[in-house]
Each structure stands twice: as C-alpha cells, then as structure tokens.
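The next part holds the structures, each set out as structure tokens.
In the two complexes below, chain A is the common chain; its partner is chain B in one and chain C in the other.
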Partner chain A sequence: MDRQRRAGLLFVLPAVVYFGGVFLVPLVESVIGSFYRTVPGGLSQFVGTRLYVKVLTDPTFWQAVGNTLSLLVMSVPVTVVVALAVALGLHRLRSLEARSAWAAMYFLPFSVSLVAAALVWQWIYDPVYGVLNHALAGLGVPPLKWLQSLDLVRPSLAAVNVWARLGFDTMIFLAALQAIPAEYYEAAAIDGASAWQALRRITLPLLNPQIVMVAILELIFNFKIFDTVYATTQGGPAGASQTVIMLLYDTAFKYFRLGDASVMAVFVFVSLLLVTLLQWRLFRRQVEY
Partner chain B sequence: MRGVRTVAVTAVVAMALAAPSSWAQPKKLVFWTHWEQNPEFNKFYETRGKDFGQKTGYEVQVVTVPYQGYEAKYLAALMGKSGAPDIFMGMTHHWCGQYDFCDKMPADLARTWGENLPKYMLNVGKWKGTRYGIPIEHGNFQQMYIDAELFKKAGLDPDKPPKTLDDWLAAMKKLTVLDAKGEPTQVGFALRHKGHPVGITDKFLPFAHAFGARMLSPNLEKATGFANSAEMVAALQFYSDLVNKHKVASTAFPTPEDAFGQKRAATIFRESWFFGWVKKNAPDVAFKVYALPCGKTCPGAGNLFPWTNMVAKSSPHKQAAWDFMKFISNAKDDLDQHQAQGILPVWTANLDSAYVKSRPDYQSTQEMLRQPVPPEYYHPKSNELATAFGEAVVAALYGKGQPKPLLDEAAAKMDRILRD
Partner chain C sequence: MKTARFGWLTAALVAAGALCVVFPLFWMAVTSLKTVPEIQRLPLQVFPDRWSNLDNYREVFQRQPFGRFLLNSALVASVAALSSAVVSSLAGYGFAKFRFPGHAVFFFGIVGILMVPFQSVVVPLYLWINRLGLLDTYPGILAPDLVSVFGVFLMRQAIEVVPSDYVDAARIDGASEFGIFWRVILPAVKPAIATLVIVKFMWTWNELFWPLVVVNSPTMKVVTLGLVSFTNMYFIEYNLVTAAAVVSVLPILAVFLACQKWIVRGVVMSGLKG
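== the complex of A and B ==
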C-alpha cells in the first residue's frame, strides 16, 4: 500500500470506527437478536424466524406501521414544499440582515429539544387552557380536542413535526438557491421567461439533489419519530398515534421482548433502505446547464 | 536524557505515594430509584447511609432516574452489569421473574419482613414464593378523594360519601355541570383516559373488581373467560358510560390530577401519596378521603405496581447491600422515612402511630383494608398484559367499539402473550 493510500485510510479510520461501533455493531446485534427470544429468567433461546412470523402477523404492529405512514404522508410533503417556499421567499429578500434575521427565526425551532418542544405544544393544544383553542374561540370555532381526538391527533403531531423541521430544510434550500448562478436567470429573462417558467425550468431542476436529499432526510426522521409522540400522547388516544418506534421501545423496555423488538428494528432498517434507494433512483437526475 | 527519565519516574512514584489510597476512601453502595416525586424519601437512604458508613465503611449514593423510560435505563445497566446499581427499586415479578437480576433476600431479613408486613402485602416482593424485594409503600391502592366544596355546592353532604356505585353515579351526575352545548365544564369524576394503557388498566381495575370481575385466572395462566367475562363487560360498559352516556367524566380534561386540583372534577380515585400532592399543588382544594364505593363486591386494597427495593445479583457488594437493608429494616426507620415524605409507612407496628392517625386517609385506609383482598396480577408479563387490556378500555372510552368485542379481542391477545 503506498503512502498516500495509507494516509487516506488513516483519515477515514476514525469515521469508520465510529460508524462501525455506533451503527454497524448494533445493527448486526439486532439482526442476530431477531432470531432469539428472551425467556423468563433472562436467558435467550434460538427460535429461527418464529419472531418474524409473530411480529409481522400482529395487527398491533401493522396499526403502528399505518400510524407511522399516515404521520409521514402528512408531514413530509408539507415540510418539503413549505421549506422550499420559505427559502424562495428568503432568497428574494435584498437586505442581508433581514434575510439572516428571518432565517434565524425559522431555524430556531430546530435548535430546541424535541421533548421540550413537544411539551410546549402539549400546552398549546390543551383543550381547556390551550392558546390554540383560545384563539379559535375568538373566531367562533368551538374547542377541539387536538391530542385527545382519534381523528385530530396525527394531524396535530404532524404539524409539530413540520414546525420542528422547517428551519433545517429551509437552510439547505436557501444555501442551494444561493449557489445557482444569477446568469441563468438573466438569460431566461432575456429570452422572455416568466417567473413561473424560471422556477420550473431553472430553479427546481437545479435544486433537485437538495430536494431529493431533504425528502429522504424527512422520510427517515418521520419514520423514526419518537420524542414528540412519547412526550405528548404516549401513543394514544387508543393507539391512534402509536408509531413503530414507540411500539419497538415498549416491546423492548416495557415488555422485555428484545427479540420481537429486534424484528421491528430490522423491519424499520430494511424499509428505510428500500424506500431511500427507490427514491434515489426515481427522483435523482443530474442537471447541468 | 537518563537524568530526565530518573526525575520523571521519581515524580510519578512520589505522586502515587502521596495520593490517598483507594481503600482509605468510603466505599459506595449505589441505589437507583425512579420515585422522582419523593425526594425526601430517597434522601433518607443517604442520611442513614452515612450512619451505616461509620460502622462499615460503606456509604449510600442515591441516583434518581426519571420515571419516564426508567425501564430502559435499568435494563441496559443490569444487562451490562458493570454500570449496574447495587440496590434498585422496581417490581419483583419483572426484574426477578422476567429477568434474573435479583439476589435472594437472606433468610433472617426475609423473616423480619414476613413478620412485620400487613397481610395484604405479604406477596409483594416475592417471586415464586421466595422473597427478593422489600415493599416500600403501604396505601398503594386507590381511594376516593372528594372536593368538599363542590359536594356542598351540588347539595351533597361531603361527610356522607356514596358507598355504592349506584349512589356514586347519582352523585357524579349532580356534580357535573354542562355548558349550553352539552359539554361538561365541571365533571363528577376525574377519569384517566390518556397515557400508557398500563396506567389506564390500573385506574379501571377497581371498577372491574367492584363488579366481581378479574383480569386473569387465579393462577394467572388464562385471560379468556376472565378479561372478557360478563362481569368485566358490565364493568367496562359502566366505565365507558361515564364518558359517553352520562358525561360525568370527560376526555377533554387531559390529566385527572390537574382536573381535580383545578376544581374541574369533584372526585378522583388515587393512592395515599395523592394527599401530599394536593396539599402541595392545590392547597385551596378542601378535600376528604374515603374508601372506594362498592358494587357487587368492594374493590379492596389492590394495586398493579407493587414497588420494592431489591439487591442486584451482579453487585460486587451484595453482602454490604443486604447489611444496609437490615440496618434500616426496623419500625423507627420505616416511620421516619415515610413520614418525611408524607407516605403511609409499611410496618404493621406503625399503622396506628400518631402520624398515621393524624392523616386524612386514616379511616378510609382502615376501611379499605377490611375489604376482601382483590385479585393480584404479579406476573412477569404484567405490563404487556395490562397494555393489551388497557387498549380495550381506552378504545371503549373513545367509542371505538363495544365492550364485549373489544374485551374478547383483548382476552385472546392476552392469552397469546401468556402462551408465548
């Protein structure tokens, strides 16, 4: 091995060690653990694929998957579209100070602990004392049971997710927008392109890598959502907001079924991997002008 | 160069000699608890640990783990062994039954506790007949707290509480105030409807027991025929009717404790610690405590969370840990520790002490203890079983189905859990 190659390997070694220790080893442990059940007394027993059959035929598990997907569908497109809209708006601001101030305001929720944010939102959503119902009462809307309603709990949690993630996605889009050369827009203007045409033909194609990346990140974030749900509803009411990760947590640490929980972990990993690869393949296009 | 090395070696040796030897430092027994709401109770271990330290060289360090998610932390530590506590608080049937993390209690200490616990607590801390844990909370069963002012306003006598479920429901109707749209602004009963299904089961069980139902068979091996019995169906129908038909309880009030403290609910069923909570958080609520109302039978003094202190099997200081437990296993320490926090003491010798007699729940506690002991569900999978059952209860409260099919489904699921 030549010196340059060795140096390169040494540079990536810390990252490889970290990634291996924190991600790969637990992943391999989870895969192995999914073939063992814990019996009373704490011993493990090899059961082959029995736990896969058990978990994948359990209606509670599929209800949790359904809840997760429902939250994901409500959160991801809204977050991406709104973040893009905000970034476009910020990009049009001429004053750098104003742009920075607005960007910082949008980014602030991202820097707040999700548990703390969830608790604040719990108060906002409180059906009796919440500021949201108080404001709606001023408009003549009767009080709503945001987190205590089977129909409203997931949209309410999705709104919290959008609020929490908007700033981060906006920053990515804003940085990408600033990297698009102004000449493209000048050329388009000379050719008589409208603002809408410039957006469709220049901005969106050039933002494609960022849009794909943000969509994947949001997908992963929302699929793994735990903190906000755990702190606000604990999966209720009546299981209406129980997500896969919440069920996984309960299965592992409340019911002490580490094997079943490992099956769920493997399911989450494989699902995310497949969806990410699919998304990457379908939507990622190289655009050059 | 050689001179520099010699100086360095000398310096290291000198520093090593000058440093206090590790065996001269007090050794520590690490005690984990998740009773974050009871800091004075927890501090007692450290205070008495200092006295214990003077005799043995071992002091006690209390680590308070937040209740939310405590199981995950305990499990990780006890499995990892090296970061595990020497003594920890939890439920015996989980940590000693589902897992094998507990050391058996020495025979003489087990005898001491066997001779000094109230009868209904004798099984608390045991797994398969062997004692592992020390019960720490007497009065860990629900009683009826009433808001005396709201009772008076509704034309009810707060000194004559309802004794039967029928009378209780009639009183709840009088105590409920509806707005123009028919939604309650004040309810008779503060009902638990959110949070983990285990907690929802816990709060429903007194109603189930009052209807003569039980969640599992006496040998804890079967749910079908018990969790979905005719009595249980009737109990759940009664319970969900409180919200959906009579509207004497509401899902619009997020937490029952807050609703009671804010005078939006006239009654709540909670354990002995709740009187300290109301005093601290809602001092203007004039409350009284009574035994729970009876139905076909009386609900009795039962609980789903029998907390105990246990010694970790993997602890390198097991003997010292048990010695410390022996050191504080006496009537005086029991009274001092519980009184400091406003909890009922455990030892029978203290049940008629001046402190206990001065408490507002003294009479009601006596009355509850005279009732038949309700079913116990101290099974290693009690959390999972109570979750399956609680999902049916909460689904009925939210009108997701009728009690009978919901309980049939829950019973079948519970049987699968028991078989697995």
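== the complex of A and C ==
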C-alpha cells in the first residue's frame, strides 16, 4: 500500500513541479510585481497601490478595456449562434459521408494560425485591391476602409475571430447533437410535435451545457485576443482596436514598464476568474433541469 | 415529414456556408500564385495567369530564412508534443489510478491553472528566462509549452476507463509500478496519446505571443514570427504575404487532414484551452 502511494506521487510529480514553477510561482510574482516600480538601474521600489491607481485611472487602459468588450460583444454571440445553426444543419444531412465532408470544411480554419488568418483577411479587406470591396462594388457599395476606419475596424476584426473559431464550436455542438438519442425525436413525432417544437423542447435544452461552455470559452478567447490585432492593425487606427492584451504587451515589452504591466496582468486574471465563477453558477443551475 | 421537404434547402445552406468559410483559404492560395500586376488588375481576376508561377515562394525563401523558421517551428512543436505526451500520461495515470496525500489538491490545482491566462504570468516568466540566460534559445521558447493542462486532463480521462483489474492482475504477477504503466496502461490509451500529440503540435506551431517575447535574432524565429515580419513595412506585398502564409499553413494542414478524426476527438473530449 505504501509502495503504491509513493508510486502515485512519483507519477504526478513532474507535472506538479512543472505547473508550479511555470504558472503558480510567476502568478504570485505577477501579483507581487504589481506593487513595485522598476526604477532606472534595474532596482525595484515598493510603491504600494500607486501603480493600480495609475493604471486604473488611465483613459488609455479603459479605452483598451472598452475595445476588448466591444470586440467580444460583436463576436461571441455571432460565433455561438452561427456555430449552432451550422451544427444543426450538418446534423440534418442524412448521408454520413456528406456530413463529415462538409464538417471538415467548416473545421479547416481551426488548423490555420491566427496570424495567417489575420493576414489573409487583411488582404481580403484591402481598400483598393481587396476582393471584398470588389464584390461590394458589384452591388453598388462604395469602397470601404475595413481596417483603417474607426467605426469598421472592430467589426472587421470580430469577423476574423468568428471565422477562426466557428469550426471549433461547431464540432462541439455537432458531437453533442449526435449524442442525443433518436428515440426522443421519435416519441415527439408520435405526439405530433413540429420540427420547431422538437428543437425548442428537446434539442436546445439538452444542448444547454454545451452552449454555456462554448459561450464561456469564446468569452475567454476573445478577451485575450492578441494575434489577429498584432498582425494587422497593431491597435490602430488611433487606438480604436487596442485591446487589453495588446496594451499589456506594449507596456511590458515595448516600454518596459513591468509594474504597470503586472497590474494589467492581475486585472486580466481577476476578470477571467470572475467569468469562470459565473460559469460554475450557470452550470449548477443547469443540473436542476 | 417536414424534415424531408426542407432537406435540399438545409443541404444548400450548409454547402453555401462551407464555401464561404473555405473562401479565404482559396483566396490565399490563388493570390500566392499571382504577380503584382495580376493582383492589381481590373476587373478583378480570380485565377492566376500561370498556375505554375512559384516566383513568390522563391522570393519568400530568398528574403527571409524561411526554411530555418520552418525547421525551428517543427523542432519546437515536436518537442512540446512529445514532452507533453510523456508528462501528461504519467500524471494522468497517477491521478486516475492512485490515491495519495495531496491527490485532490494537486489535481484541482492543475485544473485551476486553466483559469490563469498565460498573459498574466508572462512578465515574471520572461524575467526568469532572461535571468537563466535562455532568451533566444530553444529551451527558452519551449519553457511554457512543455506540458499543457489539457494534456493531463485528457490522459486522466482516458486512463480512468482502463479497467483497474488489468492493473491489479499485473501487480499480482509482480510487475513494477512503472512496468504496469509501460506495458498495460500505455498500449490501452494509444488513441488518446495520438490525439494529444497532434493537437499539441498544432497549437505550438501556431503560437505567436510567447515567441514574440523571447525571440530576438532572425535565426531563432518560428514561422508565425516570420509571417509577421513580412508585414512590418509601409507597403504590404500581398503576393508574398500569402505565399508565406501558405508555406506556414501547409504542413499543419497536411497533419490536420491526415489526422482529423483524432483532432475532433480531442476537441470534443474537452473543449479546453480557449
């Protein structure tokens, strides 16, 4: 028995040590670092909550938070709803070969790096030679500056996020749909339920855990958005697409204000912690069904 | 039945949506085969004049050591995939089949790390890597990618369903604990390991944030960094950018198409990692 306890501990030890060293220790250091200011010469000076006051009263920071939230609001609901619609459509295809072939096409962007995705979309969005403006010209729409105008830059970037994430979410929904026993629908059909009623009363309630999970995952993903912005607009024009993580990156690695960056790191951590707690609540309510 | 009546409509919508999703990739591929006058021609031209025009690809490899970038990415992603397979299956076995002091604390501690966004630990991690003199080295690039929580979770789930009777029988036969892991557990969870290796390889290959932080010299760049460096100019040559993008995406796309079944499994088994 003792041998087994020791063996079990030894098996998990590498992972425990690794995660402790690479995540836990730096997380604690981030929190500590947010109370220190690095002075020229590389020394650190304890400044209490002064950096928090500085960052949290900085309009640039709140603009970045606002931009991030606005990107999030534009892309999360669209991604979830479209993925759900696509999964329902795929699920209704009778032929399994057709279903998996079309599903593979939706899933394709999942394998493409966000950097490559962003660059290709930047080319599609190009104001002069981009295919999107060409296509819209056919409908009589004047050329638009998708990534260069203050109003359009966030919806345009949100669309890239939706494109990149759609396949992932669709796969989760499709797997969940395939796990619903066919008898439920047969019973509903015998009772004279319409397809719409079956969707509302059977499919959506049974899919609720996946819908909540995907929504939370998208929330987290979009809150941390960096790659697509960095590869295209770098936060521009005039800070209109500056996100929290972009600002954190610039603060830490462009201006080397590590204390300020640590405050933002703590902010991101706490925000996502709150989202996760919210997730637990939502899940718990689901169990009562 | 209603389902039958609208079957064709569903199929048409699904197909139209799929074509929209694939279009950017198609557009990337055709653009990479065009010359500059071709991509600027009016009216818009869909297909390249010459399908065998590989000048853009040649140019990409001439301007930047793109071959080296590919090699760097392949090396980093392979090591990350293998080390995470090893450490995750060991830990997965420990968590699934053993009870020991600290079991719950360690497991929930590790799963709790899912809540810690990487960006929240990046500054101290960077300082550590700097202190250890690992900036601009492979170990430095690899440091945060060696194991992922997703892997530990996936392997625990997979090993949990291996019947404990097998483990007990081997133990009665006098097998060592590691021998049981090697000869009984690992063969039983090969599919999960395959899933983990493929998914982890893909994630590491596509990563941008951390390499951006630790890599300075051109020879240590990974492909995502190489791609970005094509845009740090006033005028973006999209024929080159798309060619570089194709080069960066192609290896992963090949892996993806060959192993799609495993990847879908991984995604479905735990929609972890945002």
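By our rule, the second predicted complex is superposed on the first by the 258 of 289 C-alpha atoms of A that agree within 3 Å, B and C clash if a C-alpha of one lies under 4 Å from a C-alpha of the other, contacts with A are read in each partner's own complex, and residues count from 1 in each chain.
Going forward, a residue touches a chain if its C-beta (ideal position, glycine included) is under 8 Å from a C-beta of that chain, and two chains touch if they have at least 3 such contacts.
What you see is a predicted model, and the numbers here were worked out from it, not measured in a lab.
Q: Could you classify chain B and chain C on chain A, in the superposed arrangement, as clash or fit?
A: With chain A as the common anchor, chain B and chain C collide in the superposed model.
Q: Would you check which partner chain A:P127 touches, where first means chain B only, second means chain C only, and both and neither mean what they say?
A: In the superposed model, A:P127 contacts chain B only, not chain C.
Q: A:R201 contacts which: chain B (first), chain C (second), both, neither?
A: neither
Q: Figure out whether A:P143 sits in contact with chain B (first) or chain C (second), or with both, or with neither.
A: first
Q: After the superposition on A, what does A:F253 contact: first (chain B), second (chain C), both or neither?
A: The answer is both, since A:F253 touches chain B and chain C.
Q: Counting residues of chain A in contact, which comes out ahead: chain B or chain C?
A: C
Q: On the A-aligned overlay, A:G236 touches which partner chain: chain B = first, chain C = second, or both, or neither?
A: First partner only.
Q: Quick one: is A:T276 in contact with chain B, with chain C, with both, or with neither? Answer first, second, both or neither.
A: Once the two structures are laid over each other on A, A:T276 reaches chain C alone.
Q: After superposing on chain A, which of these stretches of chain B ends up overlapping chain C: 19-27, 37-45, 73-81 or 235-243?
A: 73-81
Q: Report, in rising order, the residues of chain A that make contact with chain B in one complex and with chain C in the other.
A: Shared contact residues on chain A (touching chain B in one complex, chain C in the other): 122, 126, 230, 249, 252-253.
Q: Okay, in this complex, where on chain A does chain C touch?
A: On the chain A side, the touching residues are 3-12, 14-16, 18-19, 22-27, 29-30, 33, 86, 89-90, 92-94, 98, 102, 104-117, 119-124, 126, 129, 131, 134, 163, 166-168, 171-172, 175, 189, 194-195, 213-214, 217-218, 220-221, 224, 226-227, 230-232, 245, 248-249, 252-253, 258, 261-262, 265-266, 268-269, 272-273, 276.
Q: Where on chain C is chain A touching in the complex?
A: 1-3, 7, 10-11, 13-15, 17-19, 21-22, 24-25, 27-28, 31, 39-40, 43-44, 87-88, 90-91, 93-95, 97-103, 106, 109-110, 113, 115-117, 119-128, 143-144, 146-147, 149, 152, 177-178, 181, 202, 205-209, 212-213, 223-224, 227-228, 230-231, 236, 238, 241-242, 245, 248-249, 252-253, 255-257, 260, 263-264, 267-268, 271, 274
Q: Residue numbers of chain B touching chain A in their complex, please.
A: 68-69, 71-72, 75, 94, 97-101, 181, 193-198, 251-254, 264, 380-381, 383-384, 387, 391, 394-395, 397-398, 400, 413, 420
Q: In the complex, go through chain A and note every residue touching chain B.
A: Counting only chain A, the residues touching chain B are 37-38, 40-43, 54, 60, 122, 126-128, 142-143, 145, 147-148, 150, 230, 233-239, 249-250, 252-257.
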